[in-house]
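Structure first, commentary second.
Each chain carries a letter (A, B, C and D) given by its place in the written order, and its residues are counted from 1.
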Amino acid sequence: MEGSGERLVLNVGGVRYETYHSTLRAFPGTRLYQLTEPPMGGTLAREVFFDRSPHLFGYVLGYYRTRQLHCPPDICRAVLEEELAFWGLADAPLAPCCWLKLSGGDGRAEDFHAWEESELGEEQGLLGPIESPNSTRAQGTWKPWLWTLLNQPCSSLAGKCAALLSMLFLLGVLVIFFQETSVQLDYFTSNFRPLEPWDGEKEGLPPPQAPSPGLVYQRAPHLLYLELLCVLWFGAELLARSISCPNKVKFLRSPMTLVDLASLFPVLVELAVGRRAERHPRLCLVLGALRVLYVLKLGRLLGLVEKPLALRVLAHTLRSSWREAGLLLLLWAGEILLFGSLFLYGELLGTGHGQGQSEVHFADILTCFWWTVITLTTVGYGDIYPMSALGQVTAAITAMAGMLTSVLLVPILLVRFQRCYAVALARQKLRPSGTL
Amino acid sequence: MEGSGERLVLNVGGVRYETYHSTLRAFPGTRLYQLTEPPMGGTLAREVFFDRSPHLFGYVLGYYRTRQLHCPPDICRAVLEEELAFWGLADAPLAPCCWLKLSGGDGRAEDFHAWEESELGEEQGLLGPIESPNSTRAQGTWKPWLWTLLNQPCSSLAGKCAALLSMLFLLGVLVIFFQETSVQLDYFTSNFRPLEPWDGEKEGLPPPQAPSPGLVYQRAPHLLYLELLCVLWFGAELLARSISCPNKVKFLRSPMTLVDLASLFPVLVELAVGRRAERHPRLCLVLGALRVLYVLKLGRLLGLVEKPLALRVLAHTLRSSWREAGLLLLLWAGEILLFGSLFLYGELLGTGHGQGQSEVHFADILTCFWWTVITLTTVGYGDIYPMSALGQVTAAITAMAGMLTSVLLVPILLVRFQRCYAVALARQKLRPSGTL
Amino acid sequence: MEGSGERLVLNVGGVRYETYHSTLRAFPGTRLYQLTEPPMGGTLAREVFFDRSPHLFGYVLGYYRTRQLHCPPDICRAVLEEELAFWGLADAPLAPCCWLKLSGGDGRAEDFHAWEESELGEEQGLLGPIESPNSTRAQGTWKPWLWTLLNQPCSSLAGKCAALLSMLFLLGVLVIFFQETSVQLDYFTSNFRPLEPWDGEKEGLPPPQAPSPGLVYQRAPHLLYLELLCVLWFGAELLARSISCPNKVKFLRSPMTLVDLASLFPVLVELAVGRRAERHPRLCLVLGALRVLYVLKLGRLLGLVEKPLALRVLAHTLRSSWREAGLLLLLWAGEILLFGSLFLYGELLGTGHGQGQSEVHFADILTCFWWTVITLTTVGYGDIYPMSALGQVTAAITAMAGMLTSVLLVPILLVRFQRCYAVALARQKLRPSGTL
Amino acid sequence: MEGSGERLVLNVGGVRYETYHSTLRAFPGTRLYQLTEPPMGGTLAREVFFDRSPHLFGYVLGYYRTRQLHCPPDICRAVLEEELAFWGLADAPLAPCCWLKLSGGDGRAEDFHAWEESELGEEQGLLGPIESPNSTRAQGTWKPWLWTLLNQPCSSLAGKCAALLSMLFLLGVLVIFFQETSVQLDYFTSNFRPLEPWDGEKEGLPPPQAPSPGLVYQRAPHLLYLELLCVLWFGAELLARSISCPNKVKFLRSPMTLVDLASLFPVLVELAVGRRAERHPRLCLVLGALRVLYVLKLGRLLGLVEKPLALRVLAHTLRSSWREAGLLLLLWAGEILLFGSLFLYGELLGTGHGQGQSEVHFADILTCFWWTVITLTTVGYGDIYPMSALGQVTAAITAMAGMLTSVLLVPILLVRFQRCYAVALARQKLRPSGTL
């Protein structure tokens, strides 16, 4: 006997929910609606059993009662989806006030994945898939040994020695490099006006003598040979690394390998060109500038230090937000073009031209762009600053825009960092298999 | 038989709650109170059934027991309201310790709405409501086609070509513009003292020669005609856009349209005035300044790039917090007036006037305001700085106030960004209909 | 028959929990323990009923089972306390992993209170308790009317007119003030060396002529009388305000009243002293400096604007964190003393004294402190900068310390702002009585 | 009779869950699986009772149904672990969408511990374990009394007097110190070129006269004796402190003790050397620089003030993140080396060497590093700035990198501060025993 006021007991996983038949008739076609239709020639059961979670069924029944689908806080999306599909409610719209509950604890699977991949890439470097002992036996076991020696120096005494030696050579080459800059600086500054403190000028110093014509740029040869020694060591290290690396393609694409490779050249070129280089000081300068790569090699040392979690997360955040960074750089470039042009015309319109009493501080629009960068970053050297009221208004707006732009970076970085830090902390506390 | 110690079973959606009659008599007039009053000539039921959510009823019963209405964490406001209304408790005050639970997951409906509207506005631009195919057939189908071509260049090959052409013309006109600034700068700086490095002054340079009287400002005519060509293309594009736009009013009000329109003028005016312009260099300067609009047109290119979610949220946050921004600007203006005046009097009182040994760096109060802006934003060019102790104290306070003011921006921006980002992430994971 | 394996049914608010007698014997002396002790000459009941929340009882029973007291997330502290007290577990220690759950939604009552008080203070100002119509009838109804007129100008047309008039007078007095600064600046700068651009110096300008001895500082008298007019209006307004104010003590203590009062004096003193003032220019300067109070009066205008929620919360946050601000200022002062002294000795030790080739940029230690402020706030005018390597190291450390100090402000401000904003948002959504 | 469709009632703590035998056979070997295996010669029970939490069992049963282990939000890790172990599911992997739920309220035990230790360390200082009255009776009770007197001055009148006296002596020694700097500055600056304002130079001032040869650096002797008096007091205080301190080792290692000790020396050395010091002005300078320690002693005063919670948390955060700080400093150092070198070569390559029209602002690479620090921190004094386009590009990149680096500090500091602040707030609301 079917009656709209008839009560029906739904035993869901042991919990007995009771409701009216009329309530279940809210959504035709669903599994619960079918309970209210008597089978051919039969009668309706007074109690039906379902082997489902009793907790979520309360929300499903609430949907029949109020026609609004809510969900418990921090419910896993997959769980809710499966439950709704079972009850035939897969296309029931979730009430907007519950949209945020769903995203809270969920959707982080890809975050966990990205983080684990980043950690693996960081830790194992270019190791590639761990090879089974059988496959490596054929090709000799010295390659993995060498690779470990060079990349995980803390694992053996030989590794520590090699790392120490590398560090010493690196320090040596840096000292030689800084020494050279001093020699080069002396040579090049004696060719144009020497640097003087401000006040020296008024006391009638003799004009800086022209460099004697025969004077050529002369490096101490022993320094060059010392540098060559260091570079040869680096070359040998790079060779050992490239031979022992299990994943050659990834290794060659790594930016650090390019830096290693490029840093071998300057001293070789200088030796190849030999004495003639000294007659082409500009070449020496370019070779010197290339030696800045030695400084970049310091980054490898930083890679050997064990970094705390917060910094690994920060690095991961920065790496994963390169698209935002790119667009913000574009925004910055637009601001520079805009404010630079405005500043130029502001100054030109503002200064009373032809009256000889004021002047502008720049000679072309590129200098204006330079000024804009320095103002936007609030560095404000003071080499260029507006002289006219109109220019000052432009500059004030530029300075404020600069402050705002720098503040804009904070929320994006922070929100991503917070998410990633929570993920990394949670991962750290579980075993790799995901067990507690 | 009614007794105060009598127990009553409340079957709420299948869950049997039991309580004493005396407990339910706490709030007269409510639905549960009425259960304890025997109907005319009848007896009280020992068990009553309600087809409501059993979960929330626990909190309702707790209200009768403890006279404090608590609620589960992250409960949806609408659900709680409906439940309380059913039990006749609509005006029961929520305990203060639960006020925050309610706002956690709720009240975001308007946030979701604002975000969806902002996304629509961004994506469909001035498209207006999507017209049904029938209505557009009458007025021709080329208008939507043209609109799509111009605004969604990635959708077709012709669109890509048109976008590429536009970009080339824009780059061309920018190159011409930067070229012009150089010519103008040369002309105007040769009328007043030419820009020189600091140290050139002491070596007895000849005084800058006065510009020859007949010298007029002369632009290369071919550049002008090239610019005209570019501008004609922009004009044609704007015309095509304005004809094909489905929502004319919104289109005309858009700031980008105004920029497009205004950027057509400078070259036309210059051509109209012709040779006479060269005798009124100030007019040329104003026309040049107007050409800064070309730079603003670059913003349209930025609009074509697909932006990542974080940046769209950031833009939405900035747009929706214009009131806060306005009041903070007012605060800034007040600070500038205040510290500028203080600085002026600080310097005047601090320097020993009449003793010829110190001086101030400014000639009027406007320069003081300029100094205040540069100090508040921590740019600090150094063109003006305090010379007296009193002025230095003022400046120190100003600099600290500037740092504090810049820090004030962070929390407002951040809190709004976080809310909006959570909303946007949640929305992104649901289908437009709100289904999972 | 009592047996340790005997099961007992605990009917808590309708939910039947079952457990062993031995479990309940974990904590002697508690209410549940007593259930396991047979009464004098009686037998133990197999089912006991308690009219309590069944939800929390699960955690209480869990405490008997595992001897660790956990609690559900976001539980209200008061609810938990009452429940524990009922079961005789008031001094049961909460497991540390649940300490944070408790503080999440709770303990905000005082936050709500502080926020509501701050809002009342802001909105009703010095209104004090709203007086009943009866009590005000005796003392006349014009006082509240006048008070409302002056403090809530949007409520009536007369109020709007008065506010507009006040604003006009304020603008007028500001214009006069800025006019005066220009006159004073001219007078005082002509007494010492006039301000010149850098390059004017080399072209043999005549030395600045000494001011003619008879020249006295002369203000335009009509400006003085105009200013007097404005100030008389302000005086009248202040008088009306002080008469109509319901809470005189609070009114007189308000800083805005002090500003209003003090801003009346300068023009009166100047008129009283009359012509003699012009022979004592320093007095005029002090009177001028006092007029900066006119700028502060602009703050009253800001008070009339309706502020958005985020800014009200920000103001409340700043007001409520004055203790943190004070200690950070102390920290700052310490840094200034420390780095200033270090810089002085760094420079003195670093420069080769007696060799005439370098010099220091400061004449006393106060100037060093000034330099430290400008470096810590990263303003960096460049009027003073280190000349020696030792001084440069000090300066580098100072600059880094400055950046760190400014970053320290962010978290304190942010965490407090976030808490207060959540509270304010939640409060805004409830009716004043706390009902939904 | 065992049937796969047979239903089984699991009475878990009173809540009756029902499920099919087939569901429980999902994970062989677990406790629930064994229920489906009939014991030797017996039959399966239709209902089984377990004295466990019914709430969590729902999730356990869900694992059998869906083969995915979810957990309720904000569950305590220990509770979940114990429950899983009971059901024989200790190595069941948690679904990734629940990983974050677990970390939310849990794992904070160590945070609480770290915070409590930090608070103890702060409050009790070097008190060590509180000694029982018996053990102290033997060694006299005056030591604890003296220690309390000196370290908790607010606890007694004598303590307040001693603290006041200390503060006065400290102020006195600071005044003397600042006085001395002025004397030293006068002496040393008269030996090289005296400091002059910029514009004094052009008016033909006489060259600064050489210091008269017999002039020696002469301090006022009475100042020296006054300083000696103050220092003797500090020495006596340090002695009293070191005698009364219960934990000598910790006391000697404290940095504040070192400062106290070192600050005794300068005046003693100066007295010991006597008149000869005046012939070795450099020694005086070094002794003067050592006196900066007096400023550091001010920190002790700060320690006596009661600090609000937010600042204590901030200090704890800074102390506990020294590893992150160290690595960020390393990053900063790398940036300085890199950008400094780039700037040097940028300037050298950019300036047209040999053409005498431009110059560089630096004489060695150390000056370049100095410039880099000042640009990275956005101080920007303007003593050194790029003159060439290439150098300007380097500088622009440096300035932007500086802004980014400063922004990087915010998220790390903030996330740690937020965690620690929540912990500290929660702890503050509980009694030391962990009771409510």
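Following the convention adopted for this analysis, a residue touches a chain if its C-beta (ideal position, glycine included) is under 8 Å from a C-beta of that chain, and two chains touch if they have at least 3 such contacts.
Note that this is a predicted model, so its numbers are computed, not measured.
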Same-residue or different-residue interface between chain A and chain D, half as cut-off: different
Cα superposition angle of chain B on its copy chain D, in degrees to the nearest 5: 180
Intercentroid distance (Cα basis), chain D paired with chain B, Å: 36
Separation of mean Cα positions, chain C and chain B [Å, integer]: 26
Chain D residues counted as touching two or more neighbouring chains: 15, 73-74, 77, 107, 193, 199, 202, 357-359, 378-382, 410, 414
Residue ranges of chain D touching chain C (in the complex, touch as defined): 11, 13-15, 49, 51-55, 73-74, 76-79, 82, 104-109, 112, 177-178, 181-182, 184-185, 188-189, 191-195, 199, 202, 281-282, 285-286, 288-289, 291-292, 295-296, 298-299, 302, 305, 307-308, 310-311, 314, 317, 332, 366, 370, 373-374, 377-383, 406, 409-410, 413-414, 417-418, 421-423, 425-427, 429-430, 433-436
Chain A residues touching chain C - in the complex, by the definition given at the top: 197, 199, 357-359, 378-382
Contacting residues of chain C [partner chain D, same complex]: 7, 9-10, 15-20, 23, 58, 61-62, 65-66, 68, 70, 73-74, 77, 80-81, 84, 90-103, 107, 193, 201-202, 321, 323-324, 327-328, 330-331, 334, 337-338, 341-342, 344-346, 348-349, 351-365, 375, 378-382, 385, 389, 392, 395-396, 399-400, 402-404, 407-408, 410-412, 414-416
